[in-house]
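Letters are used for the chains, namely A, B, C and D, taken in the order the chains are written, and counting of residues starts over at 1 for each.
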Amino acid sequence: MALSREQMAQRVARELKDGYYVNLGIGIPTLVANYVPDGIEVMLQSENGLLGMGQFPTEDEVDADMINAGKQTVTAITGASIFSSADSFAMIRGGHVDLTVLGAFEVDTQGNIASWMVPGKLIKGMGGAMDLVAGADNIIVTMTHASKHGESKLLSECSLPLTGAGCIKRVLTDLAFIEIKEGKFWLLERAPGVSVEEIVEKTAGEIVVPEHVPEMAF
Amino acid sequence: MSGFDKVVDSYEEALAGLDNNMTVLAGGFGLCGIPEGCIAQIKRMGVRGLTVVSNNCGVDGFGLGVLLEDKQISKMVSSYVGENALFEKQMMEGELEVELTPQGTLAEKLRAGGAGIPAFYTATGFGTPIGEGKESRQFDGRDYILEESITGDFAIVKGWKADRYGNVIYRHTAQNFNPMVATAGKITVVEVEEIVEPGELDPSQIQTPGIYVNRVVLGNFEKRIEQRTVRQADA
Amino acid sequence: MSGFDKVVDSYEEALAGLDNNMTVLAGGFGLCGIPEGCIAQIKRMGVRGLTVVSNNCGVDGFGLGVLLEDKQISKMVSSYVGENALFEKQMMEGELEVELTPQGTLAEKLRAGGAGIPAFYTATGFGTPIGEGKESRQFDGRDYILEESITGDFAIVKGWKADRYGNVIYRHTAQNFNPMVATAGKITVVEVEEIVEPGELDPSQIQTPGIYVNRVVLGNFEKRIEQRTVRQADA
Amino acid sequence: MALSREQMAQRVARELKDGYYVNLGIGIPTLVANYVPDGIEVMLQSENGLLGMGQFPTEDEVDADMINAGKQTVTAITGASIFSSADSFAMIRGGHVDLTVLGAFEVDTQGNIASWMVPGKLIKGMGGAMDLVAGADNIIVTMTHASKHGESKLLSECSLPLTGAGCIKRVLTDLAFIEIKEGKFWLLERAPGVSVEEIVEKTAGEIVVPEHVPEMAF
């Protein structure tokens, strides 16, 4: 069965390591914070200028001057630091964030990602996404494997305008965990009960399937 | 040190000289840390044809959004502008030009503008529509695009506290784009919640030194919250 | 948060992994705000062939000058190096390569190195020997040269206080090059006068966030003064 | 008679305006701070990261962490700010300093300045001088009009390696106050008792002399 949003977040959370500074995008990536494994501590970077983002405030703690990149009211953990947007993106662009998790419309076998613009539809802007994908060495993209109409989002070449070129190495979909290298997708794991055949069928770009494909367990 | 006393008594004085077709740089991220009083004054002044550089354009009826009501803005340079029906309408109808710029590139362009750096290379946007028409080159085997700096006729900034010399500190994440914007305006106006005497701010903790600031004005802030997210208090 | 505890117990641990022919970035201006303990440890380690990037190279017998005694430095990147007889001698005899870089360009190269900006344009040095062999171009009718960023294998930094997570603040003008150096090392080591618990430093006042810092070590500092200038106390 | 060092500083100080942020180089420029006219306040920028440099400390106030760009112990005035070298040169390069005063070996009619290096002699480095001359709109160079051997330092073309190209508009020597524009020197004022003839004779580059050349008064 396809992974739920929570399961996707849970699977991504297993990639966290103790001491990681992590930037989580909006949507499923945000949920990853709820599944940090025991014994592991991570610090969340919010690109509006906060390192060490905490939980939402209580009603009493709400402070208009304390928000995250999603413009939500948040708190800061003990030991957090707060800085300007230029300093925040110096951190991001300079490759100092250990892991970035973000959503996408499409990725392709070249590691390209499209996530910000659909021609003909209203374009709201890329926000910090282009900086995040260009700056990070270690990115996990989370998205559904195919659109509601069954069209694959894992392509040989993105059809939408790119957010970044050649920067994505790992994708977690609701069906599979996939690595991108040497111009191909490589199937690493499959969702519980999802067949390799279904994954291959729903992957438009070239995909390499090893002899044994482990099933994720939750 | 009268020559260094930057405090003015009104927003009229604070924005004196702002005229049609000028470029205005505005601090803030979403509705957080925005120069509310300067925006209101620009609306009152009725100047038009403005190019506004700001990460966002407020919401309908608040923040920079109010400058759309009388079509005072002709061009926005922003990274994300989607929170505003009037904005959409004017953009769709071609009344409002929009130059989308990645958030980190925007922050760096403003810093560069203040720092006398006319242009810099960044990997952000290479191979995307943002890189089209821009010069690109490789360093160490990686592709980068050339981005030029931004300066403005006026910079409008929201600080927390300023002293009379224009030294400013910011509060929490209301810092955001404000320090860079403060460096990049020909005339920089800072509105603050509190004006203190010189010496009250620790010299090493001043985030915008007074050299960048032309005018300081005491403001009143609504501080509207865009996404009020809360958790239950622990029992 | 054990994964974020950057404190190590000794300078041996702090500089573990430093090897011959590496590039070391060092904070400090003159003898002010220099990482005295790290320098002493590099001397004890006896590593050689170092490229050292630092605004100055200390004096005879103190600061980076001590690394000249056993000829551990093969190249210095600095803006001003004249305070040191041994330095002169090694430079004159061709044992020490010197790359002079304008002070502001050096500071910006280090900032750019930490910030993922491979190169930037500056007017500084255009038309001078510093601009020779460098790409130049005009922006808005003015000439600029292209300067590339600097990163290093190790960054050695002198802070005032750090918490266990590696958040650092600096004291007075001992700040100087330290914050940029801290961002540009593959491994960044900060030695401080005091280690405090997380939360003791105001988040908005942290000058080097812990994300840049790999190791924090408690030091003892002589803080030698290069030019002791005093006035008579007022009667 | 040629101006003394103190008189040179005093003359430069008359160019100060209330509210100026000023960077003073080592030597005669440093003395300018002693002659700030009544009713005028200026704030001194020191490029190691201090805006609002004060006087030297008393013995009790000496602090190794509080120095100026000449590496001298100093104090900070009330209302000073302290920042990193990158931020300090952002200020300088970005043209935010109102007046820069510095010494030189030579200047020429193109506004070029040579002040840091004599081929064949030990080269100590340019420090912040190249940034200062490139960043400032308003610079006054202070130097003697001619060398000890009587050789003019005001040339049609600098003979020494440059510190900056085309950036100097005003020079105060011990003999004259001179403007540089349109590829020529323009004599503005002469030192008390110094003849126009002497100035012209000691100026190697083309110099324009107006009908009346005011004499400086002290």
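The criterion applied here is as follows: contacts are C-beta pairs under 8 Å (C-beta built on N, C-alpha and C of every residue); 3 or more make two chains touch, one makes a residue touch a chain.
All values reported here derive from a predicted model rather than from experimental measurement.
Chain pair with the larger contact count among C-D and B-D is C-D, by C-beta pairs in contact. For the pair subunit A and subunit B, the distance between C-alpha centroids works out to 29 Å. Measuring from the averaged C-alpha position of subunit A to that of subunit D gives a distance of 55 Å. In this assembly, the C-alpha centroid of subunit B lies 35 Å from the C-alpha centroid of subunit D. Annotation for subunit D: residues touching 2 or more other chains are 76, 82-83, 89-90, 92-93, 134-135. Multi-chain contact residues of subunit C (touching two or more other chains): 108, 111, 115-117, 122-123, 171-172, 175, 203-204, 207.
Which chains touch which is summed up as A-B, A-C, B-C, B-D, C-D. Considering their complex, residues 17-21, 40-43, 45, 51-52, 76, 78-83, 87, 89-97, 134-135 of subunit D touch subunit B.
Those residues of subunit B that touch subunit D in the complex are listed here as 1-4, 111, 113-117, 163-165, 167, 183, 198-199, 203-204, 206, 209-212. Within the complex formed with subunit C, the residues of subunit B that make contact are 108, 112, 115-123, 139-140, 142, 144, 148, 169-172, 175, 203-205, 207. Those residues of subunit B whose C-beta lies close enough to touch subunit A in the complex are 29-33, 55, 78-82, 88, 92, 100, 102-108, 110-111, 122-130, 143, 160, 171-180, 207, 223-234.
Residues 46-50, 55-60, 62-68, 70-74, 76, 82-86, 88-90, 92-93, 112, 117, 122-131, 134-135, 161-166 of subunit A touch subunit B in their complex.
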